[in-house]
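What follows is chain A paired twice: with chain B in the first complex and chain C in the second.
Now for the complex of A and B:
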């Protein structure tokens, strides 16, 4: 016990040295925490936008659909699955989708598009498409002929809200059908895949065009309250839907392109995380090494007075432990508050760099929201504390390895 | 000169302390140089992935073409533009565009035909290297066609498949020709994947009855000049045509890259802060530990200014030593990553989003600025960190300084 008190006191006998060492650790953690939470926030946002726009974190669809997407491969009893899914606490909302291929034409030409039937009320709350309307308004459930189109399509077919277009596609029986629709609004998101090739219609309209039954859809997607609970939801749904011809898929399988991109980008991010943790541990090493080595004279005096080397080493280690705890606590506190601030209010890159990110009218969201999770605090704090202790071992053993007489004589 | 010699001796009087400081400073400098090069490499690679496939850095069109996409709005005086580009060492590819229908059996699709000169296409971009199957156009009119990946799937076409092209030619007649598939492209962007059929320019000319006319000239200096510089050089000979950089043509992609460079800049600032503060702390500690020594110097009559001068000289020597060491290490490692890119394919395959091909190979890009900035910052930090405690010591009463812990 005495040795702990001794360590604590000797820490504050040279207050400046302690403050410098603690602040090294704290600053390092603060910066690393900010960096990692910012990167995590960017990924979470990208995935979240994509899954909200498409078929959720977890998608239920016909087993055959993934191999040969076609509107006759439907999920038969949508409402049953919907109520089943809503009973799972982690599921925030359930998206019912009808996804098909179609060709749209106007007097200015024609292009192939992905036609998506959605529940407009739900979609307005969830999807980035409803947030990024540049002209007109979003579709409503009772829009018998309403259609949302991407800005790329609008440009190429010279369409404006209120104008007509003709959709041509094969329905679920293989029949070629035509349908006249009227543009209600134009959206633009950052991804060309969306603004250049997507159109959205109310579910009822999609069922009419593709001749799909009222309780049928091609996809049922689950939007989760937290992406971390994805596997849990998949397991539950798989158990409940076992035996049927339905597949329960994670978004990584529904959108392999996005998953691939995230993986590569995450890889580069790990490199940066590695570099910053290297810098951080290096700074800790320097300050701790220096602060212990500068105290040779003090240690020599103690040893000369008869302190046992083992006790002295213990004391130095305990001091390091205190420094590590203080530094980690302080760093997590400061870094956590900064990250929390940007988690809540976001960091607006547009205004920061004065680049006219929005002037073109393209709604690439230039605001980054940090993501903070308990696990990040735990592993970063734990890692840095461990590093500090490891680094502290060397000077602790070094602290008693010198010729007492030489050290005491020199200055 | 004397000051420098004293500084040099002083540094080696406590070689361990000096060693730690030099290692700290040079490693931080090296890490910053490497990080800067890696980040720059990533940003430049992303831009190149846009410009170096088909888009090019700058495109020239008839002033109405992008609005109307009419077959008749061709580039005026394209020979002059090609000539200017050749003189300035900029690769230029003339292209003719026309819409039509491609069919095979009972499958058909509306497509945009690109009439290209395969040789100049290979100078401006790497499209020929992005083939999934088959080969690129040979360079002679041979009724071959290269298809986008998704278009090939729609048409159920494979290499060798015969396709019928039906178009409305410029003289109003119906153009009708038989093509066979030579190659299928990898995923290189949504538009190309879905709706583009690439044919030789002479095949295009006879299909559309449009000899020696082009709708677009794509220009690319392959990293020699910036897009704006290329545009400036070309404008003089462009006449009434419209000259636009890729950022003006693809504002969405440009915004996306800007956002991502913005985030990268913030990362960089964090790295500079982390390294700078690390060095600051190490140096502060090193100088603070010497306050009793400064007190001794003062007690035997050294003036405050002299102490400051000596400490600054030491910081300067430390700075020089560490920037040489750090600069060399940083340069070597960065150059290594420039020639042997980091392989991220363990995490996933390369991928394209909105036409930006994210490669799984991540190379660094070392620039002079990327070496100088980290060094300058380290110097500033080291002088600051040394002067502050020294100034404090110089003002301190010698007796207090001597017993200072």
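Now for the complex of A and C:
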């Protein structure tokens, strides 16, 4: 079609201007794609670490537990729930947790801690704590008195692997209980809330300390094959567990601080990208409008020859489309390549933030792996392309808003 | 003979700094199919205005302009575009070729808009470019052609769809006398062979000598309308 040919060649009439505009779009997309993919990569890693260390992407707990966490608010028939969950294809593994408050004491002093009962075998595969042992070894299922402690606790109470400590707490019946445990290992996650506050014991030990039944726990967490399947798993579990005293919660409700931080951070990130794209839109508008206004005589001739105004506006929109496609294609290509590199090899922020990078109290690996997904490419490319086309509407409208006679008469 | 163009009591008024100026004042004119007519007169006499009204590029302030049997004042923008596309060819003083299209593509443009098949377009345009003496220059862009060559392309573009009417606004103003003669030869030949009606506005004596009818405009009125025995 002749207007496509005209549009393409007109685009290169002012080569430098077209190259600058296409480059501006490409640069904007490259920057936005890289920053968003890095942020998404960081969020995904942060969520993944947090849910693995805590109660999974989906958590089953007593309906009252979230309001006032207490060891007497238990989930009964844990093994049945576990089997039920493992039958859902999206569920990769099930974490059974007993979480309570306690006081630990040694000859050097006493501090309050969060005591978590875990399945050591599963935790070794899932939790970042098991990967950050600095001394000793991780607890085992048959450790009758074994306990993992954070490096902050070890420092304050002058503890080392093999040394003893006394746990004091209220059990599920409200009785004050004491239990002597022996340190098997010390971990440090880079997150003070973890290494300065948490201790981990095998599930059996936690049940014994808190007087919780063998098939009971405070939380049952599901680790999923993909976070995208969270809603599907929640719906299935809610259906299966309906009528009981249990709540099926997404991680966002179990860890509202983290979810809140991400919402705010994502929001500010998108506002920043929005400003870049908004500024970019002026460059696009300027280019297309200038290219239309300086061709009034040509457009007047084409109209005189019988070209319909609609066809002429289409030509301007096709030129806009070419600019958009070239800019978006180039930007997605360059931005995608950079993001792919950091998706594969990671971006080490250790030199900027140190090895102990934490975000809203959650430890983050200083090596960030960018997120690469078709969805990100599609919406970012689609958004900028759509914006370019919308910007092109005004110059297209302007392209036929003149008197043919006046323009042809002008020299 | 059929009336191709009919102007009845046509008035065209412009406002110049708020003052109304009559470019055409109560003009009556009939031009029949196959005529080779020149409109002449001093600058500001209304020649270009008349051609613009006949070409549907402008509307009269009052009066009737009928082209190919159609009253241009009642046609919509789209209908006027179609009238120009299928019935009228334009040749401009400044050639007005599309700079990003080659000579061949410029000549082909209207045929493409009309949706003619590629084979027909090719055959017709190559033949026309040969007729206007541009064989071998098909792939040159306007900037690579002389003024005369560009005007030949413009003429080829105007006559390629075999319109009923070609309106030529001072077509020889920017070319040398030799080129002017050859362009006129070409247009006369097309008039004779294909029956294409030509209406020129010009100051060029060479054009006036060839015209069969000369209309003289003065102050927006037809001062004289005469047959040219030498045309």
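In this section, the second predicted complex is superposed on the first by the 321 of 411 C-alpha atoms of A that agree within 3 Å, B and C clash if a C-alpha of one lies under 4 Å from a C-alpha of the other, contacts with A are read in each partner's own complex, and residues count from 1 in each chain.
Just so it is clear, contacts are C-beta pairs under 8 Å (C-beta built on N, C-alpha and C of every residue); 3 or more make two chains touch, one makes a residue touch a chain.
Note that the structure is a prediction, hence the values are computed from the model and not measured.
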First, second, both or neither for A:247, with chain B first and chain C second: neither
Which superposed partner A:307 touches (first chain B, second chain C, both, neither): second
Which superposed partner A:13 touches (first chain B, second chain C, both, neither): both
Partner chain in contact with A:338 - chain B first, chain C second, else both or neither: neither
Contacts of A:276 with chain B and chain C, given as first, second, both or neither: first
Partner chain in contact with A:28 - chain B first, chain C second, else both or neither: first
Chain B versus chain C as contact partner of A:73, first or second or both or neither: neither
First (chain B), second (chain C), both or neither touched by A:177: neither
Intersection of chain A interface sets (partners chain B, chain C): 13
Residues of chain A defined as touching chain B within the complex: 13-14, 16-17, 20-21, 23-24, 27-28, 31-32, 34-35, 38-39, 42, 103, 109-112, 156, 188, 190-193, 195-197, 257-268, 270-272, 275-276, 278-280, 282-283, 286-287, 289-291, 293-294, 347, 349, 352-353, 355, 357, 360, 362, 364-366, 368
Residues of chain B that touch chain A when the two form their complex: 16-17, 20-21, 23-24, 27-28, 31, 34-35, 38, 42, 69, 99, 109-110, 154, 189-191, 194-195, 251-256, 258-259, 262-263, 265-267, 270-271, 273-275, 277-278, 281-282, 284-286, 288-289, 342, 344-355, 358, 360, 362, 405
Contact set on chain C toward chain A in their complex: 48, 52, 55, 57-58, 77-78, 81-86, 88, 90, 92, 94, 96, 98-101, 105, 108-110, 112-113, 157
Parts of chain A lying in touch with chain C, wherever the complex brings them together: 1-2, 5-6, 9-10, 13, 297-298, 301-311, 403-405, 408-409, 411
